[in-house]
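Letters A, B, C and D mark the chains as written, and numbering starts fresh at 1 in each.
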Amino acid sequence: MLKPAPSPADDHAAPTAAPVGVAIVGLGYWGPNLLRVLADNPDVEVRWICDLDHDRLTKYRRRYPAARVTTQVERVLADPRIEAVIIATPVHTHYELAARALEAGKHVFVEKPLAPSSELADDLAGLARERHRILMCGHTFVYSPPVRAVKRMLEAGTLGDIYFISSSRVNLGLHQRDVSVIWDLGPHDFSILLYWLSEIPTTVRAIGRDSIVKGIADVAFVSLSFASGIVANVELSWLAPSKLRRTVLVGSERMVVYDDGASEPVRLFDSGVVYRDPETFGEYHLSYRSGDILSPKIESDEPLGLELADFVGAIRTEQEMGFHTALARSVVRIVEAADRSVREGGREVSLDHGDIGSQLADYREFALA
Amino acid sequence: MLKPAPSPADDHAAPTAAPVGVAIVGLGYWGPNLLRVLADNPDVEVRWICDLDHDRLTKYRRRYPAARVTTQVERVLADPRIEAVIIATPVHTHYELAARALEAGKHVFVEKPLAPSSELADDLAGLARERHRILMCGHTFVYSPPVRAVKRMLEAGTLGDIYFISSSRVNLGLHQRDVSVIWDLGPHDFSILLYWLSEIPTTVRAIGRDSIVKGIADVAFVSLSFASGIVANVELSWLAPSKLRRTVLVGSERMVVYDDGASEPVRLFDSGVVYRDPETFGEYHLSYRSGDILSPKIESDEPLGLELADFVGAIRTEQEMGFHTALARSVVRIVEAADRSVREGGREVSLDHGDIGSQLADYREFALA
Amino acid sequence: MLKPAPSPADDHAAPTAAPVGVAIVGLGYWGPNLLRVLADNPDVEVRWICDLDHDRLTKYRRRYPAARVTTQVERVLADPRIEAVIIATPVHTHYELAARALEAGKHVFVEKPLAPSSELADDLAGLARERHRILMCGHTFVYSPPVRAVKRMLEAGTLGDIYFISSSRVNLGLHQRDVSVIWDLGPHDFSILLYWLSEIPTTVRAIGRDSIVKGIADVAFVSLSFASGIVANVELSWLAPSKLRRTVLVGSERMVVYDDGASEPVRLFDSGVVYRDPETFGEYHLSYRSGDILSPKIESDEPLGLELADFVGAIRTEQEMGFHTALARSVVRIVEAADRSVREGGREVSLDHGDIGSQLADYREFALA
Amino acid sequence: MLKPAPSPADDHAAPTAAPVGVAIVGLGYWGPNLLRVLADNPDVEVRWICDLDHDRLTKYRRRYPAARVTTQVERVLADPRIEAVIIATPVHTHYELAARALEAGKHVFVEKPLAPSSELADDLAGLARERHRILMCGHTFVYSPPVRAVKRMLEAGTLGDIYFISSSRVNLGLHQRDVSVIWDLGPHDFSILLYWLSEIPTTVRAIGRDSIVKGIADVAFVSLSFASGIVANVELSWLAPSKLRRTVLVGSERMVVYDDGASEPVRLFDSGVVYRDPETFGEYHLSYRSGDILSPKIESDEPLGLELADFVGAIRTEQEMGFHTALARSVVRIVEAADRSVREGGREVSLDHGDIGSQLADYREFALA
């Protein structure tokens, strides 16, 4: 990670010895996981728990009696001992809550996706840059040990040139009125692809269907084309017989299967194509050699713990998290484009990433340490 | 199956008591399987084995000494005791061989795909109709017991309305200079979909990549849209870490997974969406109930045996095989459209099926007996 | 569950409205899970956390600030607001701690196995009876939804008569100097078998090996014979390439596979033997019909939560937990016998269960509500 | 393989250029596979097909018109151009048929098990030795590529010292009046174990049950103890929800899972035990490190083809097949002992192998070329 020039004086910065004062806003589906991990981190002091629902506040106050609870985010933002705000609310509230927190001088960690549009995501990034605050988005898979193991293989050239990637993320989950499956599940795959490839797709095409709720796609097949020639196909669905989170990378030297739910989450296939001389004119044969398969040992650290430790560490050491902000902005762009393509019957949508592409490439070595 | 008016006098028709005289042309990859099954069928007499390769002829003469061998297809076609010709040669030779056999008054069974273009496929169908000969294409999966089990579920309404279908057929196989993976593997999925749905897609989109041999796509993601609203996505690839032939059908009542290589090839999921009242304004939740899963018993008959028995039976009883001809023509149209879409960067290609659609629908009840 | 005559006056009994005051003793491997579940139960007030290790106490005080911590079990037992003590210490300390707690008038929940010998287990049971206290042992699998689903099938006659049971419980876990794999993993299988069959084996045979630590078997194959003719074979091992917890029950009507780690933990096989007439003298054929397979929906409740809720509920409603005490005593007998058989080279060991057998049978209907 | 001194003059020995004249006796369950493989072997001429059933003879004459058919084994044995007889009849006929063939000067390949008792097996071996004929038993798994891959690992020390072996071979198959599941399925596992370990067990214990047919065990759990300390447990059953052929070898360095029906039949687990210092007196911890897993590429040659080619090659080159005869005799001893143990309620049965043990050890290097 790049360490920029020392940041300007910051009244809110805690001395490194004391725990970082943190507030969590939103205790719905994912917030309790964030809260649990924060509470276990000795470098963190959870000072506020904020949610609109009184029953939830009662429940979590019982479990974390050291924190104060409130339904008023203003009280949280007004507390000078709060250095960072963790936002785990519905997507349509991300922008307003994050912007207010940044304006109040807080570092912000917001659940994925960063914002409900690329314009708003860019706005937040600009605001964070102006205020010298960290803006990080919860693309937790980037901290997942199997995802990192694949990243190391890619950087080491183990797979050779990547030809294509095929991914399925299908699930039975909650369904919200204002969010398609692309907004819900797409950020997982798109963040993983951006992290692995350090490259942004140039065009996106998607077809899907709003099987259950009119206007909300609950299944989508998203195709991404990259300037390097790589093709990626991502199946996203809330309607599936069983949960599946499986990505196949096919390279010129080897193939990898990353299966997030499997006991062997990464499997490396030492098989490739072997050219064979044509036997007769008009025929041309290739034979494929099927070779060894390796399931490397993968650490079992919890990705969310690693991610929040990185966020807290960056606050303490005054590091920028430029890769993360660029990644989060790119993800919103891809989601937005895929969602538009589905609504327009599969039309090709080009992506303009402006300055983000070079930022992603700058951080190519991220997380290989 | 429809039984048409009695066919006109036919000099070549054998009395039902005697076995049907058959020739096989092409002993490459798939031909030997056809030969084995024909040799075991007591209603068939394999009289000729024809291939351009002398070593192959020597090998199969040893195994089937009762048949004559030749490199000259003319000798086969000139034999009046040959009623049917089985063609298992490379795709680019299908049209010429099938046309010559039909013109010689033979019934024809040709390996899939029927012809290398829809025009030639239509020509063959016209020729067969004129000559009152059966023209059948080896879409063997239509005879596969698991595929038929799913067909019965569809006809019985077990799945409710179909929302979408997601299929993967990935494999490590032979690679030929003049045929993309869409021509090679696509006919399997497309024939199954046509058989299940009795409906032809209206548009096709596909993206892919020619990773190994320039100009020959070895991976493709094909999207089919149907007038009924069904969306199907088919992944086809010669480059995969392991063989997979898996199709998921998601319906309003139940879901089915058909996995051709699995010990339980059909699994029926009694899970669906349950609506739940929104808890608060702005939120809208669906909960998904995960229910029982059933793996019905599937017969273990060999599809190829069933298919060739059907072909021979149709010859003996002078039945038309109109469904099969319509299916084979439709498959060629879809393959052709998908191949064009890949070459044109994923452009949408509309399908004009002319009279085929109604023919497919007429045979909706096929194979449910 | 049987509700006995009202228990005698009990100074320590809390009014049903107030939470039950509980202490937990032992925060090693399993204790933290008990603590988490107790802390989430609104009918429980965790008043004391007791462990010999100061670091652990510090860690859990941070997480559960409402509880007091101590290294002195005397302080716990002297607190009149403690109604129940939860013991999760090493096996060799179970007897002394449980006995002292019962003598102090507390209800006791002790991790499995109940005691390091059947004599001491019987002693504890006697002490609990005398003092009118509940003595429950943490055979958590008896509360596991898949185990209960199989129990319901057995009681409903779905499987017919049980012919045999084959179980594997292999694992990579901690290894202690004074406990063989039979003492460590055996209680899981033995408690499940006792619960399912409501019958105690008459003889036990086991062979094993002390591969790593001299004198401590780390693998054992235990065979149990029941008076009803049922045979059960249980493989227990700390040395296995991957975790497996799989039990197969073969009955005259159907078979069941219970796989604790699988996404479909219970699978019911509608396959059985079909008699076929002998074709010729001297030959006798049976054909086996392979039929449908059903994976019933299984609830996802946490067994530990159900178990502790049952314990607390029994305290509040002054119920006896006779089945649990009988089960726990039986388990210790089987473990003891299997351990002796391994040490004596596989010798058959007979089991004398005294009054326990009839107690188990009395509670046959347990947990079917 | 050892090549002995040149064998004495042999009137029946064919010149190496001509194919070996072979007869097959018994076309029931397994015979047709032998026949198919023999017919495809260019070094073999199948001259006779012999079975008591006329319909079978008719069927196979059609498929293999070059061979003569008969119900009279005398005609086969009287044919001087027959060098070898392949016997695939029911077990109780093995001895008489093999003895007559050896006495007629033929080499003999007999399906497993070699004979219905160890006395008769020894008799056959003696007869073969006297007559300088090859006597080989169809323990085909010894030629299976995955079994050989494990053998190479064992010889290379990849696994370290073997601690124990756990095997399951469960199946839904035919059931005969006079043969228990131990006689039917046991030879597979026992031959594999003998081949791998080059060591004969000293004691056998087995429990089982005759669930369906009185007196015929259809399930058995067989425990084998070896002088080297290795313990093996083999589960054999005709009554199982699904076919399973899985063997786990646990060694001091690595573990292997051999799963005959899996797409990855051999998986090598780089995981072992790591000693950790005791934290406190009275406690002793080991931690287990879970490491990489490797699925080596396994050749896909058909074991039966390799086996019969070896048999035919030995005839042509006048080699002894001493390892095979010793293996087959050992297998019968183990089966006999396990069957007796089941009938005697699990009693330990000692094995006396006489001269066989040293013969097995002599051929330790067998099949590693």
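Going forward, a contact is a pair of C-beta atoms (placed from the backbone, for glycine too) under 8 Å apart; a residue touches a chain by one contact, two chains touch by 3 or more.
In this text the structure is predicted, and so the values were computed from the model without any measurement.
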| item | value |
| --- | --- |
| Turning angle required so that chain A lies on chain C, C-alpha fit (0 to 180°, nearest 5) | 180 |
| Taking each chain's C-alpha mean as its centre, the one farthest from chain B | C |
| Between chain A and chain B, centroid-to-centroid distance (C-alpha), Å | 42 |
| Where chain B and chain C are represented by their mean Cα positions, the distance between them in whole Å | 55 |
| Chain A residues counted as touching two or more neighbouring chains | 242, 290, 293 |
| List of chain B residues in touch with chain A within their complex | 90, 163-164, 166, 168, 172-178, 205, 207-209, 211-213, 219, 221, 223, 225, 229, 231, 233, 235, 237-242, 248, 250, 252, 255-257, 267, 269, 271, 273, 278, 282-288, 290, 293, 345-346, 348 |
| Sites on chain C touched by chain B in the complex | 264, 270, 290-297 |
| Of all residues in chain C, those that touch chain A in their complex | 39-40, 63, 65-66, 242-243, 263 |
